[in-house]
Structures are given as C-alpha cells and as structure tokens.
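Take a look at the following structure, please.
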Amino acid sequence: MGCTAEDIAGALHAAAGVIAEHRIELIELDRAIGDGDHGENMNRGFTAIVSTLEDKVPDGPGAVLKLAATTLISKVGGAAGPLYGTAFLRAATSLGAVEEMDGPAVATALRAALEGVQARGKAVAGDKTMVDALIPAVAAAEAAVGETGADVTAVLAAAAAAAAKGAEDTVDMVARKGRASYLGERSAGHLDPGARSTALILGALAEAR
Amino acid sequence: MGCTAEDIAGALHAAAGVIAEHRIELIELDRAIGDGDHGENMNRGFTAIVSTLEDKVPDGPGAVLKLAATTLISKVGGAAGPLYGTAFLRAATSLGAVEEMDGPAVATALRAALEGVQARGKAVAGDKTMVDALIPAVAAAEAAVGETGADVTAVLAAAAAAAAKGAEDTVDMVARKGRASYLGERSAGHLDPGARSTALILGALAEAR
Amino acid sequence: MKKIINDPSTVVTESLRGLAAAHADLVRVREDPAVVIRADAPVSGKVAVISGGGSGHEPLHSGFVGRGMLDAAVPGAVFTSPTPDAVQAAVEATTGEAGALLIVKNYTGDVLNFETAGELAAADGLDVRSVVIDDDVAVADSTYTAGRRGVGGTVLLEKIAGAAAERGDSLDVVETLARQVIGQVRSIGVALAAPTVPHVGTPSFDLGADEIEFGIGIHGEPGRERIKAEPAEALVTRMLDAVVEDLPFADGDRVLLFTNSMGGTPPIELYLAHGIAERLLAERGITVARRLVGPYITSLEMQGISLTLLRLDDDLIELWDAPVHTPALRWGV
Amino acid sequence: MKKIINDPSTVVTESLRGLAAAHADLVRVREDPAVVIRADAPVSGKVAVISGGGSGHEPLHSGFVGRGMLDAAVPGAVFTSPTPDAVQAAVEATTGEAGALLIVKNYTGDVLNFETAGELAAADGLDVRSVVIDDDVAVADSTYTAGRRGVGGTVLLEKIAGAAAERGDSLDVVETLARQVIGQVRSIGVALAAPTVPHVGTPSFDLGADEIEFGIGIHGEPGRERIKAEPAEALVTRMLDAVVEDLPFADGDRVLLFTNSMGGTPPIELYLAHGIAERLLAERGITVARRLVGPYITSLEMQGISLTLLRLDDDLIELWDAPVHTPALRWGV
C-alpha cells in the first residue's frame, strides 16, 4: 500500500520531532566545522512545516511535499534552506498528481531530490555534504525497488540505513564544499551536519511508516 | 646621626625596590575594591624617582623629597599621585634647608605629610585610606621622639611598625573615601591598597637606615 | 552565556525594533520577513543597492541603510543567510525602472538564497543583478573550497556602490564599479576569543589561552591556521603581508586601509594595530589615502580584528568621499 | 590575557599614534605627557573645552576632539587619571583670552589632578574653570562615599559644551550650560563580564555565570549590587526605573536617551535594549526627542551597557544638533 497525503504529513511531523530532539547535536556538529546554526535552522524549518500542515493538509503527496519545500525555502535560510528546499521541490514535482506514493515513486523522488541538490550546490560524492548521505540512499532505494517491488516501507528503510552509513562515512572526508571547506584538512575527523540531518530525516520517515 | 641627601636618595631607592616587589600585591588589593591600578601607578612613580635621582641628587634632604614629590605628581596620576605628591611636598617644605634630617625632623615631616594628605583628600581616621596608616605612624614617630630623642632609625622604625598595624586595621573598615567607597559595606574585609603602600614605603625607609 | 536578550528566537526582530526607534529618520523596518528599508525608498530613478546576510555582524548591513549607501538590508537569523522571500521583499520595496544591485557575500547559503531571489525578481520583470564579494585571502580560492569568503571588503563595496547609485549612475555602471572594487580589495582577519551565538549558548570555538585563530571568518567558523599569540607588531605584520602579497599591492599604490574590530576588541587596541599598519604600508611605499577604523563588520562579541586594503583611483576616492547618512556611517551630511 | 598590544606600558602611546595617523585632519597628538589636540587649535576667540581621564574608555575622550566638541583630551594611563602637567599641556595648547572649561568626571584622582592643573593655569593668568560631572545614580551621593561617579552623561556634556563654545558662547555661558546639563543628566550601568586591564592581565572582577553587576562603574570597579542574570526586559526596566526616579524625569519631559555599550556588548543586544527603553519611556509619557546608541564611553572589552537620560530644552536640542566633526561623533559636516 502506498502513502497518502495524510501519511506524508504524519511522517513530516515525525521528522520534525526527530530534528527537534537532535537540535543540539546538529548545532554541535556544525559548531565543530561550520558556524553552529544547522540544528537551529533545521528545527526552525521543520517546526514551520508542522504548523503549516496543522492549518490544512493539501491534496495529494506531491502537494504536501511542495508545501514543505516552500516552507523550508522561506524559513530556513543558510545553505541548508535552499538545498533542502530544492530537494523537497524536485521530489514533489517528480510525484506529479498521484494520490498515493508507492515504493518506486519513493525511489524516483529521492533521485530527483539528489539531482536537485547537486544542481544547486554542485557538490559531488566525497565533498563531505548532505550529498554523501543522499547518494547511497538513492542507490539503496533503487536496489530495494528492484528486489521488493512496491513496498514503501522497505524502500524507505533501505534508503534510511544507507543514508546513515553514508553520513558516518563523511567523518573521514576533507570538505570541499560549504563552510567546512574553509578548514581544509582540519575538517577531517568530524561528521558533516547536513549529512547527519539527511540521515535523521530519512530515518524518521522510514520509522513513521 | 641624621640623614643626608644621599641617605634619603638611597632610602627612596630601597622603597622603589619594595614597591616593585609588591606591585602585583598592590594591584590585587586594588582590584578587589578599586580599579586594579595602584601597584602599577606606584611602581611607575617610584621607578621615575629612581631614574631622576640617578641623574643628580639635589642638595639637602628637603630638595630630594621635593624632587620625589614633583616626580610623583607628574608620573603617577590617579588618586595616589596627587596625595603622595602632596605628602612628599609638605614633608620637604617642613624640612626647609637643613643639611641633615634628625629624629624630630622625621616626626615633623610625617605630620606635615599627613596634614597635606588630609587637606587634599579630606579623609579622616576610619575612612579606609592611606590616612589610616599615616595617623598611627605620626603618633608613633612623635612618641618615639619623646622617648629616644634624636635617633632617626628608632623614629622611622616606630612609624613603620605603626603604619603596618594601621594598614592591617583597614581590613574591617567600610570605605568612605576613594573608589572603594562605591562598594559601601562590600568594601569591608579587604586591606586598603593605599594604606598598604604607605606601610611598605615607611617600612623600606626604616630598613634602609 | 549571558546576553542582554529576552529569547534567542526573537533577538533579531527585537533588535530591529530598537534600530527603527533609534533611526526613524533614516530607516523603516518590516518584520517577517525582516527587512530594513531606507526611509524614503523607493527613490525614483535611482538604482537600488541591496545587501544582506546573517545577523550578528552589525552594523553590517542594517546600519548601512540610508542615503548614499544601501536602499535595503536583509538580516537573516544570527549567522544564517536570509531566505529568498526576504530578499524579494527588499527588492519590492526599493526597486523601480533603474533596477537593483544585490551585494552578496560569498558563502554557499548567501549565494543560493540570493540566487533564488534574483530569479523571482527577474520573473517580476525587474532588472536585478548580483555581485559576489570574496575578499578574504585566508581561504584558498580553489575547487577544493567554497571559494573565498566575503568579509571586510563588503563595507567598502556597499559604500562605493551606494555612492555611485546615489549620484545617478546606471545599473551597468554601478555593477561595473562593484566588480572593480571586488577585483582590487583584499582582507584578512584574526580572532583572539570566540563569539557566542544566542541559540547555541557556548562559544563558537575553543581557543587556548595563548592561541590566535589566523584567517578567521566572520561567523566564528574556525580559521585556516592556529598560531601562538604574538605581539601586535608581529601579528599586524603577518596580516598585512598576507593581504599585500595576495593582490599584490605595490609600491606607488594608493589605498584605503580599513582596520576593523570584530566586536570585542576595544578601540585602544584597534588604533594601536592601525598605527602599526600605517607605518608598515608607508615602509612598502604604499600610500594610505583614505582610512576607516572601527567595528563595522563584526562577529557578535568576538575579540579580534581584520585588515582590508582597497586599491583606489580618483573615481573611487570621489565615491568614498561622497556624502553618506546611515546609522553607522555618516559624513558630508 | 590576550590583547593586540606590544607591551602594557606603551599601549596608550602606541594607540594614540594610530589615532593620529587615522585622523590627521582632526587631531594632533603630543606624547609625554600625552595630549590629543584639535588640529586647528588654538581657535582664536573661542572658549577651549578640555576633558580627560584614564584611558580605556575610548572613544571617550580622545575620539571627541574636533570641531564642535573638545579642543583637547588628556588620556592618562589605563583607568588612571592623568597628571596635572598633562592637563596643563592641554591648556597651553588650546587656551587663549576666552579661557577654558575643564570637564572632570567625579573620581578622587581626576578631581585632584585637574584641581592642581587648574591652579597651575590660574598662576599663568588664564581663566580656566572646572565642572565636575557626577551622573551615576548607582552611587549614593552622601558623605559616606566619594560622591557619584561621572559616567555616560560625560559624552553628552562634552557635545553640548563643545557646541556652545563653537557657536561663540562666553566662558560664563559655557560653564552655566555645563552646570545645567550636569543638573539634569542621570545614568546607570550594568556589567555582564569584566574587562581586563593590560598591566593586570586578569579580569577586574569575577562574576558568576548567572550574575550581573548592577550599577557598575566604568573602571571595572565593582558595582553596588550583584543581581541574578535576568531577561533584557526586566533588566532594562530595572535600569530605567533607577534613572527616571532619581532626578526624577516626569510625564511630559523631553529627553535624550543614550544607550551605551561598555565595549563588549554587540550592537544586536544594544539596539534590543534601546528598543525596550524607548517603549518604557513612551509608557511613562516621556518623549525621546534625541537619541545616541553605540559604544561611546566604554570600559575596555567589558560586556554591559549603560543608559543615560538628559532632560532637554530647545537650546540644548539646538546644541546637540549643531555640527560636530570628531573621530567618533560626526554630523552636519
């Protein structure tokens, strides 16, 4: 069975909870190799998504993701705002007007999101950014679709696990994009905050299923 | 035997050494109930006295003390500069043109110094200032003159001991003059830096004999 | 953390209210999204000059709104670039036929958010252009970084572009001048102690008692290198060498020397550093024709300074000297 | 301690060299004794306005030398009032027939040293008068203290007396105006973190993580009371109550509100506090007719703010608005 607009709204609600819980952790990660605002930024954005969705859940999964996208764009700022905003916007667009999102649609949406982030931010694998969580997530989602077919839960779970692993792998990387790149070699040895938040969000979405 | 100009120059040299040694202590005392500059101020002044006297020692004890006075006035600043400057100036004037300073002259000079400080600063006994070291010093010097006659060493030793005791007694006082007075009751429990420097200087002069 | 605030989440808004109250003759403030607008905007026939970025660098940018400088400033959350809709609101409030120049500091977030805002403005049929300033020599300008950061040079750029717009230059000319300034301005910063972001509550980085962060950014991002604390003479020499040799500035050049406090360094130290810098430049045969000394682009209460050099020509000098009337910079008025 | 200095004993001199280099059009600097003199002094026929005090409060006083404000400033060692011969040098460089007004902050050291200088000037046959400013409501004005301290009101006094002298008022008039200002200006300060004096090397006092020193002086002298840290709204209310109720300022009064940073408090917090103060005064029916917001009388890098209120009348407003051109305060020029 696929996800309805209500399901996605619920999942975003869950993601907001997880981000709030990890606000300090994300701040601390960003404090180490950035400017210390990532947790605050993401929390501000997801809190805004929840209160927007409380007013009214739009019709269809694509419309919900689009509302999340515009909310992130207008509330987050920083690097993460436009990048996550683009990710959600591209994912929304990829869904079109479907009533329910199935497993393959999840994989397609994730790939669209990744492509959007890369189009905006120009980061490639190994640059120590959220892209390093998204690339393995997309690959795992697509593989899961190949194996399990249409099961949203399995696709999301695979993506989340891969994103978590991908985020961990950023620890050893030297940043080449974003604020951490100013540190050069000194950026190695730290987890990238954006990769971590990507893994947290995907984890929450998978859990919410 | 009395003190010559050279003796007094030597004693001032010794006092400068003691002040330099206790610079940090005086700073810390002033930091607690003032603005933390007393040690620096006194050290600047006495260092300047030493270097002025290195050029040339003037003729007669009065002239040496007068040179010390003008040096203090033009180098120390703060409250201590004009007060110590006045003290030395009045002491110098009290000596007139004598070639040697004997015991009674020391007592007279100390009284003149005290009166000068009080005329400038308006502090009375118990206000928690250098006056609380000077008042007992003058009394002890005058008593010593009554007992021992003309012995400079004994007079200075008595004054120094009384000044040290007087300084100690400022600990319990609540300041009513100078910067410490802004603290009100909170000034109690601390040694007054100016009383301490007075005791140190008299101690050094007595030792130098 | 001790700060004179009520709540970390309302710091920017509440502070802007104070700015509006203090300078009602110069600026008006819109909340949500937050925008600081020149009191008499839109000024008809004039190119609008707009800048913005994370808050916490005051007086940059909001303190530079007014006659002869910015038409609007867009303050984001503390150390966080503002969102496109805020930039769009600034454009709407200030921009007419003559178009607008957006001055963007080179940080990923600023570039992306202003980029989107530019697209929105273009969709509204407005002639809105952007320039990206990247004057910080501390960062290697290579494919291995996000590029050099925009720092002290931003203040000078805003003054000069604002003066050009005020004298009636076209958007083409204002943009060309802005690119000229960007091409010939260079900066370096150092930190002695870290700032504390209100919503974080702990210092942005930890520096040992005898350490200096050399090449610090203005967001408390750690710099490029940690050095041992050293006397002002050695530190200013090191800073100036980095700046002078980068462009490079040469014997015979006329420059503007901007000695900036990052916030927590008091004037007594700032002027001391400035005096050293003036002497060292004279020794190199570089003429300091104009100077600016003060806390103009800061990082909350961070202790440290930055040095910026801009190569001048007669036109830039005329634009620098032109009247300016803003909360933080004022002359000729 | 980390500071951008070479040697604690040369900080003041080296800093003044930087000031002279940066503002050669406005001031000239003499060393040993250190005096900052208006570039075109002595201005013939004009009353000279002179102030001074310990260094470390910049821009007070040296940043206020120039047209429409001070003719000379006399900087002592850090937090130490200057010596009489330095004041005398300032008088000599600026004072003619019209005489001079010495503006003295009420601290024992300042009063005594300026007193001696005044006697020296009188001996030279010059008409030199002194006014002592004591606007700090934190200190009880009783025989149990050295009297109230001179704090934020000093900046306003220097501007107004300077403007009166510039427009050609006689020494009698300038002195009378100065006494009027002193009679109707009141201030209070708070500290969140202590400054560090260069020759001391450790903070001037120790404050707990949740403590505020209420009624702090500008030399890092401990204040009158230690309170728990509280939100800006409560703190500004407490400060304003102390100031308003002291004079008292009343419904219908027109005032100048001066919101001052002690150095380490950044503009974002300062404007936030200012906004609150404006609102609270409006609620009391007190009209804020003029304002000044910024770090104008500081205590090195001390974190904290002060609030100053001056009751205005038309003449004081005219004098406040009159052109001023100094390193730190400039308008109308």
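Per-chain numbering from 1; labels A, B, C and D assigned in written order.
As a working rule, contacts are C-beta pairs under 8 Å (C-beta built on N, C-alpha and C of every residue); 3 or more make two chains touch, one makes a residue touch a chain.
Chain identities (UniProt): A, B = Dihydroxyacetone kinase subunit L; C, D = Dihydroxyacetone kinase subunit DhaK.
Not measured: the values here are computed from a predicted model.
Farthest chain from subunit D, judged by C-alpha centroids: A.
Each chain gets one centre point, the mean of its Cα atoms, and the points for subunit A and subunit B are 74 Å apart. In this assembly, the C-alpha centroid of subunit C lies 29 Å from the C-alpha centroid of subunit D.
Between subunit A and subunit D the centroid-to-centroid distance comes to 54 Å (mean Cα coordinates, whole Å).
In subunit C, the positions touching at least two other chains are 78. Residue numbers of subunit A whose C-beta contacts span two or more other chains: none are found.
Viewed as a contact network, the protein chains form an open path, each link joining two chains that touch. Applying the touch criterion to all chain pairs gives A-C, B-D, C-D. Residues of subunit B touching subunit D in their complex: 27, 31, 33-37, 40-41, 44, 73-83, 120-121, 174, 176-179, 181-184, 186. The touching residues of subunit C, when paired with subunit A in their complex, are 9, 33, 54, 76-85, 107-109, 112-113, 115-116, 138-140, 143-146, 149, 197, 199-200, 202, 204-205, 217, 219-224.
Listing the residues of subunit D that touch subunit C in their complex gives 2-7, 11-12, 14-22, 55-56, 58-59, 63, 78, 192-193, 209-210, 212, 229, 231-233, 235-236, 259, 263-276, 278-279, 288, 291, 293, 295, 298, 300-301, 303, 305, 327, 330-333.
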